Amino acid sequence: MRVSLASRVRGSAVYRSIVRHGTTATNRNRSLVVFENLFLHVHPVKVREKTLRFTHTFWLGGITLACAFILFVGGIPLMFYYHPSVPQAYRDMKELQYVVDNGVFLRNLHRWAAHAMVLVAVLHMLRVFYHRAYRPPRQFNWVIGVLLLLATLLLSYTGYLLPWDQLSLWGVSVGTSMVKEAPFIGERIRFYLLGGNVVSENALLRFYVLHCVVLPVALLLLVSVHVWRVRKDGGVQGPAGAERKNEP
Amino acid sequence: MRRIGPTLLLAVTVLPAAGCGRVGADPTAAAVAPPGGAYELELGKSIYLAYCATCHGETGAGDGFNAFNLDPRPRDLGDPAFQKSKSDENLEDVVRRGGAGVGLSSLMPPWGHTFNERQIEEVTLFLRSLERD
Amino acid sequence: MPLRRLFAVSSLLFLVTLAVSPVKNALRPYRFIQREFRDLGMSRATSRKAMELYANRPVAIQQIWLRDFEDRVDRCTTCHLGVADAAMRGAPEPFRLHPATFHTPGGFERIGCTACHGGEGLATLQDDAHGVAQENIAPMTPATFIQSGCGRCHLSATVPDAPTLSRGRALMERAGCYSCHAVRGHDAYRSEAPPLDAIAIKTGAVWLRGWLEDPRAVDPNATMPNFHLGADDILALSHYMFGRPAPDALARRVAAAAGEPLGDPATGRRLFSESRCISCHTVDGKGNGSAPELGTIASAATRGWLIAFLRDPHAFNPRTRMPRYNFSDGDVRDIVAYFDDELRDFDAPADVLEPLRVNQTLAAKGATLFRNAGCGSCHASGPASETEKFGPDLDGIGDRRAASLDFGRRRDLPQTLTSWLVAKIESPRSFADGLRMPSYGFDADEQRAIVTALLAHGAQAVPEKLRHSATQPVAMIPGGRVGELFSRYRCLSCHQIGNRGGDTSTAPLTFEGSKVNEEWLVDYLLLPSSLRPILPERMPILKMSREEASLLADTFEKFYVDPSIVEDPFAGRAESDRDAAEGERLYTTLGCRGCHIIGMAGGYYGPTLTEAARRLKPGWVFHFLKNPQGWRGDIRCPNYALPDTDALRLTAYLGTLGSSRDAAAPATGKESTR
Amino acid sequence: MSVPIKIVESNDPMADPWRVAIVRPDSRPSARATEDRFVMTFPHLIVREVILFQLVLTVLSLAAIFFDAPLLGIANPLETPNPAKAPWYFLGLQELLHYFPPVVAGVLMPTLAVIALVVIPYARINLVAGPLWANASAKKAIALGAAVALVALLFGAFACWPIVVPTLALGIAMFATRGWERATSVRRLLWEVTLPEWIMTWFVIIATLLTVIGTYFRGPGWSWVWPWENAPRG
Amino acid sequence: MPDEESRDGETESISRRDVVVRLGVGACALAAAGSAAVTLDFLEPKVLFEPQTTFVAGAPLDFADGTVRFNREQKAYVIGTAGGVYALSAVCTHLGCITRFRSEQRMIACPCHGSQFDLEGNVVHGPAPRSLPWLEVSENASGSLVVETRVIVPQGKLFRV
């Protein structure tokens, strides 16, 4: 009787040292799959079947997370070809377009994913609101959610300047001049944000650091808390009215 | 026609002249050539007007203002028969070595030391564009 | 659909979509083009070695990186692989060998491609690189305007090998573009247009109105454009101008002159032709046309004014190119008498020269109009600083994006900078109402030349080290007595010295001293003989005194010399080199008579050589014969690459010509640049 | 099962002493969920998540393949494009700037919005809210009417129609649902809408409206243009 | 899913469901591998903005016996001998300082740690472990000497002129 390569690999000591659970479909193994795995163990071993229904959450949180993941993974290679300096920053966009293999694809992906993430995050928030999923014990997670939304906006906004084309420059000028209007501190904030009084190379560098280091880290932390809280607070909550349906 | 003309001329003249039968013969290949042809034609034209037109005339009819008491009269370059009878090599040769060089009237001076090879080629290209149809 | 199947399907979908971009990438056009080039190259290769070079060519993006030229990167050579490859002569685009120009081959590594051709150097896709229909990418410069590229670095008025550009710059200079449009490097520009404060004593209202309505209708040589003024505006303007007080000095002169007795028309006619007025002016269209038509001059200006003006033009218009002839009072009266007799518009109304009774309100209206129309920009009597720059400044016009241009009403135009510029020059006011730029009536070629010149004004000046302003050193324009003579006789109106002066004359004077004999020059200045029967432009008889003439000749002899030209070419040469007979034979066999006249026979293109000996210094003749273009880039005389011996023999032959004074017409030689 | 639900729905849990159980706002409703059917996370949830990710990436990839990210000319501080627009998600604010002094539109309003969002889960009204008109007193109706009118007037004073119009529209809708308690299907659902939901809906509508206007209907000098006349900008 | 697999993982009983699952997993694996490859390709620079590695040293005649010329930009000496011309890297083999030519002692010294080399590039003394490498010298079309600083040639390989 033939022994397949796959099964021989599964038999090997190395494989076993990495994956502790067997392949046979026992519930034990399936549980192990989840809690033996750093990334999966945010999940409980069992979930309510109804939470898997599309209409339960419309998977909006998941989609947002997917976008975030794509942005993280796609952003890193882009950084390899980007100099936060004038005019090189703009030229780098052209390099991506004309020279770097798949550069333009990656840039487009990053751009559209960013827009998508903002949009979906908002929808996610609305979904949670209309399902009244902010109610105890989930109050704090809602707050984190709001913070996440802000972080997302800031990320998208800081990234907006990096191509250093007319769109970026004036988009950011308009935005930051709104900040300026804040009483007392507005001027100051803008000054710190731009590293000067006008959108210049300083601003580019600062936005770059914010976009590539500060905000992503913040987002990462908040997301982990957010997701972890979801489980701690008793899993995803679907339509509040759901219960109403099964009245006698 | 102003843009197309040069292209076609280019196709029929310079490509064979440059001895690239294989590519030159292919009309599609020639059709891709307008910019190059146009630039070269421009250069050829400016050279012609500066150095040749005084005797051969702006249209190449051999009626330049300096022509009238020359004997023999300058060649009518627009004459289709003439154009047919001469290969590009012939034309370039006359321009290069002058009438005396090819056993014609010495009143046609040699330009071989005034122009470089490429300029001669460009003039020839323009000469072809003078053909009357 | 069961989960596992959904999973399978979405996974496949996933795989496929992710594969698209890499595939697209692998199919980038330039890769195929480079393979095509490899095959073409191998088919054309002459040697096995060359064959291998083509075969082993890696498929990769090519670029020219110009670190110290605005850090440009030109990737054109990624597809245009043959530009510097002699084997690609006449190959189909994009592989064609670049046409031979001043900078190519050889200049590529220094100036790249986009410097002349425009377009997006960074791009590796055809449409992007050529800037086809791309708002934010520089379009390529059309072949017709390609010489604008030269103008980016070559800032001098005339650029050898770039006739269109040079012509465009000359036209802009003459048309006075710079008096309304600020342009880098032309801040000191002043139009030749006369100050208008003497109008009232010059001409009459009727004539002035006719002029204002359309200058070119009155005088085809007019440089003043058509402002499309309405009848009321014209009326107002004329009142304003006649309202301006003429300077007393001039007014007195004119009045006095008007009182003088009539002269003799016959003598006047003789003087008129001797003075070679049509070297600049025209009479019924005959003449050079760089100065006003004189066919109806007597109906355009009063007798008094004409007399006073001819005696001292510079008093009336310090900027005029007209020399101050050394006429006697009688001479001038005779000339003006000749005008009165023959050069008048016989159908003109009797009151054509009647002055105007000024209506102050209209005059006031005219004054505002005068300001708003920008007449002052050209006609102001003050220095350049006083004139107001009316139009938008033209720096960087060559790099404007079509999207940033206002096409106004001209929806018919293609959305390109060049078509916009051409239309602007052709009919400036067709874009919108209330535009002030007048129309100049340039023909298609002139428009093309001017647009070429305009496109040369880049957004930023090219780096210092690449700039190339003057071909020759700025000439020493002498001061003192000689300087006065230069200015009085306006030598620079026609002759070039260094990089200054007009191009009417075919003889630049920079090294005149090395070229001609002093005694001949004196005679020539006193009584210029025609060297080029064919040209209407000839040296006028300025009626200068012998003393003045010898002073000028002496100056040239002493100062305007080229040290590289030896005095006596025969020094230390074999006797056989002086063989004039042999030289004469050469003269015939080389076909010199095709262009030059000796005695009666020969062509009319080159200068007559009948009296060469009296005129030309043998050193110069030899120097010239050895390499005509070395004397001046645009010399039309072919370079025969004569060996020294032949050149010397020809020199010797010319040395025998007209040394005896019995030759028919006094004649001398000069080379032509018509 | 039905019991705790009733409590959740009742406007004032303290008002019904005979209830067996009270779910206080801070307690965990999960206790209720015991009868729910459970399935193993792996494969059921995990695989769904994988598929979700694949689909998201697929869709975005398609977008990336068919639509290039905009890239205009290099940034030039001397040449302001007209109009100069912020990224789309800020165009709502930029549109507000068109009506209000910067301090209000650029700072006050967004700050208020964020604060409002943050406090949602802590505001009692959001926790215990029932259908808006469920045994509502006339006072409540008057108060609401007044509120709507006030908001409308306030924004009307600044001629900010994109806000006034939806406000009035929603106000009318809100009162329209008043009598629909006995109604069926859609109307009934509308009747069940709580006050917080009405407010949020109002907020969402004007936010969307402002953003859409700012994005598609604003041209040079922030003047009104129609999308099809608008020169396509990246 | 694993749970649909045959109870005995060793034997390959190919059920339809099984195929479907494997298809999906395979596709994912392929996509992953592909992405990895594409990423590598992405990271490979396709154009370089680097100084020329070759430089024109001058005409052969300029290098009479004993001439030593230092090219600062390319960090190389071009040295003329009776036999011909050769080029020497100026980068010290110790810690990569730029050495200097001492004309009076006619030797090459490193300012950092005092290594010293003779004109062949051999270490006279000092910490430098290896002698200075020789660089390729060739002649271009116009007949002047071209040094390729990337190509190292065996010591003693002169360019005969």
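For clarity, chains are labelled A, B, C, D and E in written order, and residue numbers in each chain start from 1.
Throughout what follows, a residue touches a chain if its C-beta (ideal position, glycine included) is under 8 Å from a C-beta of that chain, and two chains touch if they have at least 3 such contacts.
Quick caveat: nothing in here was measured; it's all calculated off a predicted structure.
Engineer: Touching chain B and chain C alike: which chains?
Structural biologist: Chains that touch both chain B and chain C, as defined above, do not exist here.
Engineer: Moving only between chains that touch, what is the shortest number of steps from chain B to chain E?
Structural biologist: Contact-graph shortest path, chain B to chain E, evaluates to 2.
Engineer: Please find the two chains that have the most C-beta pairs touching each other.
Structural biologist: A-D
Engineer: Using C-alpha centroids, which chain lies at the maximum separation from chain C?
Structural biologist: Result for the farthest chain: D.
Engineer: Find the chain most remote from chain E, comparing centres computed as mean CA coordinates.
Structural biologist: Of all chains, D has its centre farthest from that of chain E.
Engineer: How many Å are there between the centre of chain B and the centre of chain D, using C-alpha atoms for each centre?
Structural biologist: Comparing mean C-alpha positions, chain D is 77 Å from chain B.
Engineer: Averaging over Cα atoms per chain, report the distance between chain A and chain B in Å.
Structural biologist: 69
Engineer: Counting in whole Å, what is the centre-to-centre distance of chain C and chain E, each centre being its mean C-alpha position?
Structural biologist: For chain C versus chain E, the centre distance works out to 54 Å.
Engineer: Could you state the distance in Å from the CA-based centre of chain A to that of chain E?
Structural biologist: Each chain's C-alpha centroid was found; their separation is 41 Å.
Engineer: In chain D, which residues are in touch with two or more of the other chains?
Structural biologist: Expected reply: 43-44, 47-48, 50, 54, 57, 61, 64-65, 71-73, 79.
Engineer: Quick check on chain E: which residues sit in contact with 2+ other chains?
Structural biologist: Correct list: 1-4, 28, 38, 41, 46-47.
Engineer: Please set out, as single numbers or ranges, the residues of chain A touching at least two other chains.
Structural biologist: 30, 95, 97, 99, 101-102, 105-106, 165-166 - these are the residues of chain A that touch more than one other chain.
Engineer: Can you tell me which positions in chain A touch chain E when the two form their complex?
Structural biologist: 1-4, 7, 10, 22-25, 29-30, 77, 80, 95, 99-103, 106
Engineer: Of all residues in chain A, which touch chain D in the complex?
Structural biologist: Per the stated touch rule, the residues are 27, 30-31, 33-34, 40, 43-50, 52, 59, 62-63, 66-67, 69-70, 86-87, 90, 93, 97, 104-113, 115-116, 118, 125-126, 129-130, 132, 134-140, 142-143, 146, 150, 153, 156-157, 160, 163-175, 178-183, 186, 198-199, 234-235, 240-241, 243-244, 246-248.
Engineer: Which bits of chain C are touching chain E when the two form their complex?
Structural biologist: Result: residues 3-5, 7-12, 14-15, 18-19, 21-22, 60-61, 63, 65, 75 of chain C touch chain E.
Engineer: Using the touch definition up top, name the residues of chain D that touch chain C in the complex.
Structural biologist: Result: residues 43-44, 47-48, 50-51, 54-55, 57-58, 61-62, 64-65, 71-73, 79 of chain D touch chain C.
Engineer: What residues of chain C sit close enough to touch chain D in their complex?
Structural biologist: 3-4, 6-7, 10-11, 13-14, 17-18, 20-21, 24, 135-136, 401, 404
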